[in-house]
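See the structures that follow.
First chain A sits with chain B, and in the next complex the same chain sits with chain C.
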Partner chain A sequence: MSYVLAKSQNEDIHKAGECGGAVTSILKYLLDEEIVDGVLAISPCDDVYDGIPTFVTNSEDLMKTAGSYHCAPTMIGDLVQKYLYDKKVAVTAKPCDMRAIEELIIRHKINKDNIYVIGLNCGGTVPPVAGRKMIDLFYEADPDDVVSEEIDKGQFIIELADGSEEAVKIHDLENEGYGRRTNCQRCDVKIPRKANIACGNWGAEDGWTFIEINDEKGQEMIDGAKKAGILETKNPADPAVEGRKKVEGIMIKMANKIQDKMYPTVNEMDDWNRCISCYACRDVCPICWCYENCELNKPFFKDEQNVPPTPIAFQGVRLSHMSFSCVDCGQCDDVCPMDIPVSLIFDKLQKKYYNRTGYVAGVSDDVKPPLYSPEKTEL
Partner chain B sequence: MLEIKHTLCPSCSVGCGINVVLNDGEIVGTFPYKRHPVNAGKNCLNGRNSIDCYKNKFGDVDVDGLIADVSKELNSASDVTVICSGNSGVSEIEAIKEFAESKGYNIGFYADNLKNYDEVASYDDVENAKNVFVIGDLLYENPLIGRRIVHAKQNGAKIFAFVDAEASVTFNIADECFNDSVVEFLDVAKDNVDESSVLIFNQIDSVDDLDKIDALDCKLLPVFSKSNSKGALSLLEPKSKDEMFELLDNTKVLLVFNDDIADELEYDFSKISKIISFAPCENKTTEISDIVVPIKTWLEKDGSFVNAMGETQSFNAAIESDDLSEIEVIEKLNG
Partner chain C sequence: MADDLKIVGLLCNWCCYGGADTAGTARMQYPSNVRIIRVMCSGRISPSMIFKAFQEGADGVFVGGCHIGDCHYDAGNYKWSRRSNMNGFQLPKVKNSKQPWKNSIKLFQS
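Then we have the complex of A and B:
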């Protein structure tokens, strides 16, 4: 592992990108040199709250993916495995994206040789609809006037069209039930170290991106982008490295405190009582990949004639099957029509599994998934 | 090439947003539309399966030949009834209505035995109500309204539920449950409503229940089974189930625009001499039709739906198609 500070040598990218545009420049290098067929990144659709995964094959289109979108709690792992398996792709990945990608790599659902992962350090994401309401309630601004947003130094900061900024402490917002998604609040993986490189502003000087280079492929990406004349780098000073480490440590400590507070609050059976067996949580889960072969589709688990569904027949079986591999991405919470805190239930069990085995899904170096059995390969 | 595009869910009248995934020009899946204010990225199973309609589209046929056949049938026909439904968008319903009226055809529009209310409760009203009265298993059948009922409960509301079954998901969260009759339930509602109360219903026992509902001094939110029933209700007078049967009894030629009336009404359709369907994919009505003209799915055209709370939402075509829309069919029929 090594560190560099980096910024774009391309003036337009430097202006449009976050922290000097290093990420966009590396993506441009990978596309222009035809190292990848395309780039999967987030770009705003209708507004800054509407970030959607966008597949870019022409580097001129990369500008629309520049910038950070905290109100875009998307997941890209399943898109890569479902639709881009045979392509060489570069992706930008939050820690939960990376954890999902890693779990899919060890399940042979993503080809590690085909994927270039530019990790993004993450302090959390905000649900778009609740995020707009939050700005309406706690800021002196119209949510429609927000042109960009940022999470920095414990604050959620918005920038308005007139160039002015407003900031509110995330802690205060979360005390009122707003702020980051609940899974993000308790997430203790802030830097995606399984990515080839992990980028962010922690420890960086203004206008520069702090990059942690995690493997040989990551080093090649940095060296290649420099050689192509699109990226400038320099070594970070020791205090910058220490500062970054300190930020990460504080955020993990806060997340652990929130975990201790949240885990006892969930009552599985009460929450499952609302389950309508719509399978949205299973279908969106980036780690669940069996699809039509899923055991829960078998007649003995189908209880369509049985309304209300028996929670243990779906939720219980899925929990026993998947909780060890939960990467706490919160997608299941996001899509549950009944607002069941699915990820809290799964993450709570994953932590118990971690306490017994030391396995953290998508982070540990194990080459086999948890509870691996040879029969699984028949699926 | 992988693309994600916004659209609306066509499964019921709640008006959820949904993203569709296109890969190499084909629609291959759905993806959560988290920015959409109605459902914030949450979709029920029906919503996520709604693209099956596109996947199971009729294959290539000689559409001009079929339109010629339809025109021939209509030239000599009497007692023609046009079935119009909330599956069509606002402008399409306008076109179908104009077509039927210009030709002197009857219009059959069925909206779940329910009717139009000019003033309806908003989804926020549901969340902020102190008492919520629910007729039907809304949590199971219209989950994204059901979610608002769950929020109301979490905000301290008392939930009263009528479901004509012994158990339901809605019963699981209700404070008081009823399953004898809607009339009995409405009597309980009458004694418990206040100005913040909302009555949400997706079914009734009979049209007489509507008079009792009208007499309640609270906000109402009828939830329909089709995406644009509310929009259609502002253009067309709905018929009750009995009125639909009477109309069908007097029909010799039935033109069904984008609807599956045979699945919806238990009627002996063999009594009708000719059934002509305009539909994007197979359904029970197309199975019994004499002529079936393939039309575009909602994914292949621009349009708008009015959701249960009366909000008009527009959508754009997610993918191009050579098939005809309802409007294009009518233009061809009009010559």
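Then we have the complex of A and C:
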């Protein structure tokens, strides 16, 4: 593991990029050298409030993907396993994306040799519609003037078209029910260290991207992009590395505090009683990958009228099958028509499992979830 | 044990079912509201079986396997013991549930 500061040698990319445009440059290098067939990244649709997953095969189209989209509660891992299994792809991945990718590699649903992961540090994502409303309510600015957002030093900062910035404390936003998605508030994995490289603004100088190189493949990407003349690097100063570590620590502490506050608030039984077994949370969950082979589709879970399983069976089976691998991506919350805090319940159980076994979904090294272990040991 | 409780017992063939059988041969009584299902190994039990039992109205599910270290198939009971943790984390809650579990679609139908 090593650190570099990187920035694009391509002026347009440097300007369009969130920090140093390093990510976009590396993606361009991977595409141009035909190391990958395509790139899965995010591009804005109408404005910064709707980031949508985009598959790019021509490096000229990469320009429209540059930048960070905080209102993009997307799940890269699920898209790769569903649609891109056979392709050689490069993806940009927040920590939850990366954790899902890792869990899916363990389950042979993503081929590790086929995927190049450019990790992005993440302080959290914001729901698109509530995000707009939040800017309207808490900031002076017009939501339409916002060109980018950033989370730094406990503040949610917006940058406007004229270059000025406005900041409000995340704490104040979230106390009022705005700010980051609730799963993001709980999330204590801020740097995706299972990705080949992890990029971010923490520790970076203006106009540079701070990169933590996590493995050999990551090193090769950086070296290759430099050799191709599209990337420039330098060593970060020690205080910058220290500073980054400190911010990460503070973010994790904040998340742990929120976890302690949130976990006791959920009453599983009351919430499941509302569940209509609509299958939406299963279908959207990256870890629930079994599709038509899902246990819940088996004839013994359907009665004569083809009524789906009762909530306890539905969620009991799902919890038993995968909650230990829940990466707290919040996709299930987003789709639940009954406003059940699904991810909170799954994440709470994964934490219990972690306390018993030390297994962190999509983060722990070289081990399968202990549930699948052939060892003769009890938990 | 209250007579109106329905308990489903999933018993492994070798130790637990064997034990129940021996008890029966010795004319020992066990409560008639336990419904026994024999499985070849506790390692064969899946969460679906537990939850299906609850869905069908069981008040409790009992799982019996060999002593740890004595599995007829070497390690099946270790597998179940690890799997059962996931149910164990959830089920104390189920037991305390005051409302019967009901699928809302069924609620509409009845």
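Rule of thumb we're sticking to: the second predicted complex is superposed on the first by the 358 of 379 C-alpha atoms of A that agree within 3 Å, B and C clash if a C-alpha of one lies under 4 Å from a C-alpha of the other, contacts with A are read in each partner's own complex, and residues count from 1 in each chain.
Convention: a contact is a pair of C-beta atoms (placed from the backbone, for glycine too) under 8 Å apart; a residue touches a chain by one contact, two chains touch by 3 or more.
Only a predicted model underlies this, so the values are computations on that prediction, with no experimental measurement involved.
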Which of chain B and chain C A:C290 touches, first, second, both or neither: neither
Touching partner for A:C336 - first (chain B), second (chain C), both, neither: first
First (chain B), second (chain C), both or neither touched by A:I276: both
Partner chain in contact with A:P308 - chain B first, chain C second, else both or neither: both
Which superposed partner A:T57 touches (first chain B, second chain C, both, neither): first
Touching partner for A:I250 - first (chain B), second (chain C), both, neither: neither
First (chain B), second (chain C), both or neither touched by A:P128: first
On chain A, the residue positions that both chain B and chain C contact, one per complex: 273-276, 307-309
Touching residues (chain side chain A, partner chain B) in the complex: 38, 40, 45-47, 49-50, 52-55, 57, 72-74, 79, 82-84, 127-130, 273-276, 278-280, 283-284, 307-309, 331, 334-339
Chain B - residues contacting chain A, complex: 1-4, 6, 19, 21, 23, 28-29, 31-32, 34-37, 39-45, 48, 137, 139-140, 143-144, 146-147, 150-151, 165, 167-169, 171-173
Complex interface listing, chain C residues touching chain A: 46-48, 50-52, 54-55, 68-69, 74-75, 78, 81-83, 85-87, 89-90, 93-94, 96-97, 99, 101-106, 109
Partner chain C, residues of chain A touching it in the complex: 268-269, 272-277, 295, 298, 300-301, 305, 307-313, 316-317, 319-321, 323-324, 349, 352-353, 356, 370-371, 373-379
